[in-house]
Amino acid sequence: MNIKRIVEDTDTKAGRIFDLFIQTLIIISLLSFAVETLPNLSSWIRSLLRWLETSIVIVFTIEYIIRVFVADVKLRYIISFYGLIDLFAILPFYVTTGIDLRSIRVFRLFRLFRSFKLLRYSKAMQRFRQAFIRVKEELIIFLIATAFLLYISAVGIYYFERSAQPDAFASVFHALWWAVATLTTVGYGDIYPVTVGGKIFTFVILMIGLGVIAVPTGLIAAALSETVDDTDK
Amino acid sequence: MNIKRIVEDTDTKAGRIFDLFIQTLIIISLLSFAVETLPNLSSWIRSLLRWLETSIVIVFTIEYIIRVFVADVKLRYIISFYGLIDLFAILPFYVTTGIDLRSIRVFRLFRLFRSFKLLRYSKAMQRFRQAFIRVKEELIIFLIATAFLLYISAVGIYYFERSAQPDAFASVFHALWWAVATLTTVGYGDIYPVTVGGKIFTFVILMIGLGVIAVPTGLIAAALSETVDDTDK
Amino acid sequence: MNIKRIVEDTDTKAGRIFDLFIQTLIIISLLSFAVETLPNLSSWIRSLLRWLETSIVIVFTIEYIIRVFVADVKLRYIISFYGLIDLFAILPFYVTTGIDLRSIRVFRLFRLFRSFKLLRYSKAMQRFRQAFIRVKEELIIFLIATAFLLYISAVGIYYFERSAQPDAFASVFHALWWAVATLTTVGYGDIYPVTVGGKIFTFVILMIGLGVIAVPTGLIAAALSETVDDTDK
Amino acid sequence: MNIKRIVEDTDTKAGRIFDLFIQTLIIISLLSFAVETLPNLSSWIRSLLRWLETSIVIVFTIEYIIRVFVADVKLRYIISFYGLIDLFAILPFYVTTGIDLRSIRVFRLFRLFRSFKLLRYSKAMQRFRQAFIRVKEELIIFLIATAFLLYISAVGIYYFERSAQPDAFASVFHALWWAVATLTTVGYGDIYPVTVGGKIFTFVILMIGLGVIAVPTGLIAAALSETVDDTDK
């Protein structure tokens, strides 16, 4: 009963320490994953990272076993969202051990599931989720409007620019990349209009697009501050 | 009477299924239009796309005939905004069949009208339209302010940069393209100031411009969330 | 008395027509100024533009004389903000006629004052001005914070990048140009950090800076919507 | 007692003049620091800057001595935040005089502390600080969400692009630089996806990311306008 409270709740001191410990391990694990991708690592660091990886997976495995053990309905935890994430966070390690090293790389991607574990442990994230749920419908409206706008932009610029830049604007899909980079105002500079018509079209679409693309930001900010107000009460 | 309700209303199950069916066809049609622009398509895919196009136009034609048939005042529907869009969505297909293939391309652009058909089918879009109507006057103010700001920016940078970069800043119109790319913060990097005066001017104009350009976003977000609140009541 | 009402007020039909006429002339004048800067204009168009310029200045001169004539206190109008703008909008034409053509160019810049004339004629602009006055104090706070942030950013990146890129980051002033382009998210791509330290510094400064730079936008949007609400009452 | 009021308070005329004098000196000092970094300065200007620097440090030293002298609890002022800043603003000058000139450079960075002195003198900054404190918790939520998003973006793009661009996307850390430049919409153009998968991933991550990254702006703007309202009452 005591272990159950420590693992599942955060209202005891031991529970909070347990949570903090697991969170720290997740962040270390994510950092070590990033460090591993660095080229020209010395074998000394590679050994350290492998040892770290093994240790963390052992802790996570013990945590998973305890969670299954203390769950009221064992199967329900196993097939729950967090249950699956907890499983996928350790599975790649066991699956890839003892197999040809090359094939590991693909499985490694699953190690990313570990970062999703953070979602459970941070209360802060829950507020964000609440805010997102609150404006879900509006965000869908925005997504439709954005998709519509991107399509129109891509077709328009394709007709204006394809004769002047046949490689950069080879198809509507190439033009879509331009539309994404332009309407989000990222503007890498790898693809941009050079014709007068294309430039005027870009201006018009930006005037319309900036208003549409930036709307969800305002909606989320409003929803989040309302969520915070509710929680404070 | 029954067909009329299915086609014109969405409060019956059959009506909603009909709407969803037409919407799906519109999206497939838009996607196939984009796919067609891809270079080096195999003849197999070209045939499939042509078959898809013909099928969809037939369905849209039947839909158009039914809509004319069930309309209370037939001419009123035909010359209405959506009536014309429904017509222009199928017209290019019939007009271009049997004519020299080259000239098709221009008419194809009209197929884009099909995407406007989505406007009718999605309730979500109506909210957006309401929000836009609500802040129409403010948006016009903003457009005047933006036009004013872009003009001043273009003339200013033209005087600062034309001697240093006579090609990039050849006229006020060339400078306008810089003003659009800069004040929207897209910043492709194809044209930017190199003189000290031009850089200081860019800084000043950005400090003023960011405040002006981004205002309509806030207005639309506010109007949209109010519209949503009204609808929820 | 009748002419006074037409020229100074917009509550009569004749007054509104007069305003619209002057506004149209201003916009034509601004456009012709931009067209004149185009290289390789035919002499035919140059003649047309010169004729247009002369006609518009004559109309503006007559308007200025009438305004002085109908003003209750003549000197008060002449030295008022709009009185000076009305004068500067016509003065360059008279000053530059008969003088060496080269020196005209500098005076031409004053023709831009004509665009300020639009300020008087558009009621819409008045709302913007009210909104700006409402948040004047907050905007000054923001300007101080922005100046502070830009300075810190420039000094920081200068220390990180000057050894790696001695030309691009030759001094704190060169680094300031980077700070402006980066914190406004324009990102032309003419100057960017290449060292690890510089990149981490850019990340930190962007996280802080985006919150500061974008604040006035929200303030103006809020003030503008409040101003609109007040006017509607 | 009189000197104490002048130095520590701003409710007397002498106090305000003293504050303005010190603030002006700080700004001159910051500007001279920037000017010093300019390459190819004439020896004439270098002498002037050195003289200016010495004069300002002398004034700041006198100010520091007076502040220690008038403080009720001397040690408390010395170890306070502003006390340390006042000390660090003058210390580098004394420490570096008479020592090898090369090593000066590092110490010079401390002169930047002088800009922090501005924090005390400007009431405007206090409002900003209040607004930040008000939304502190929400800003931490945002920072976690941003860190999470940047990590996911970097790992994702690393898998999509590393085979196509092994140099630009050499590790997850290289990809993080791309994630920072893209999600803040700066988009320098020094690093961008070229594969179809990478471009689609960029689109998805931007759609999610723009909503998250821009949220704190809205929160700060809201908090600041509330803070201003409270102060006005």
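To keep things simple, chains are lettered A, B, C and D as they appear, and every chain counts its residues starting from 1.
Operating definition for what follows: a residue touches a chain if its C-beta (ideal position, glycine included) is under 8 Å from a C-beta of that chain, and two chains touch if they have at least 3 such contacts.
Model, not experiment: these values are computed from the prediction.
Chemist: How many degrees of rotation map subunit C onto its copy subunit D on CA atoms, rounded to the nearest 5?
Modeler: About 90 degrees of rotation relates the two copies.
Chemist: Would the interface of subunit A with subunit B count as same or different, where same needs over half of all numbers used to appear in both copies?
Modeler: Different: when the shared numbers are divided by all numbers used, the fraction is under half.
Chemist: So the centre of each chain is just the mean of its C-alpha atoms; given that, what is the distance between subunit A and subunit B in Å?
Modeler: A distance of 30 Å separates the two centres.
Chemist: Could you please state the distance in Å, as a whole number, between where the Cα atoms of subunit B are centred and where those of subunit D are centred?
Modeler: About 42 Å separates the centre of subunit B from that of subunit D.
Chemist: Multi-chain contacts only, two chains or more: what residues does subunit A have there?
Modeler: Where subunit A meets two or more other chains at a single residue, that happens at 185-189, 214, 217-218, 222.
Chemist: Looking at the complex, which residues from subunit D come into contact with subunit C?
Modeler: It comes out as residues 30, 33-34, 37-39, 109, 112, 115, 118, 122, 124-125, 127-128, 139, 143, 146, 177, 180-181, 184-190, 213-214, 216-218, 220-222, 224-225, 228.
Chemist: Which residues of subunit C touch subunit D in their complex?
Modeler: Touch list, subunit C to subunit D: 137-138, 140-141, 144-145, 148, 151-152, 154-155, 158-159, 170-173, 176, 182, 185-189, 192, 199, 202-203, 206-207, 210-212, 214-215, 217-219, 222.
Chemist: Any idea which subunit B residues touch subunit D in the complex?
Modeler: It comes out as residues 185, 187-189.
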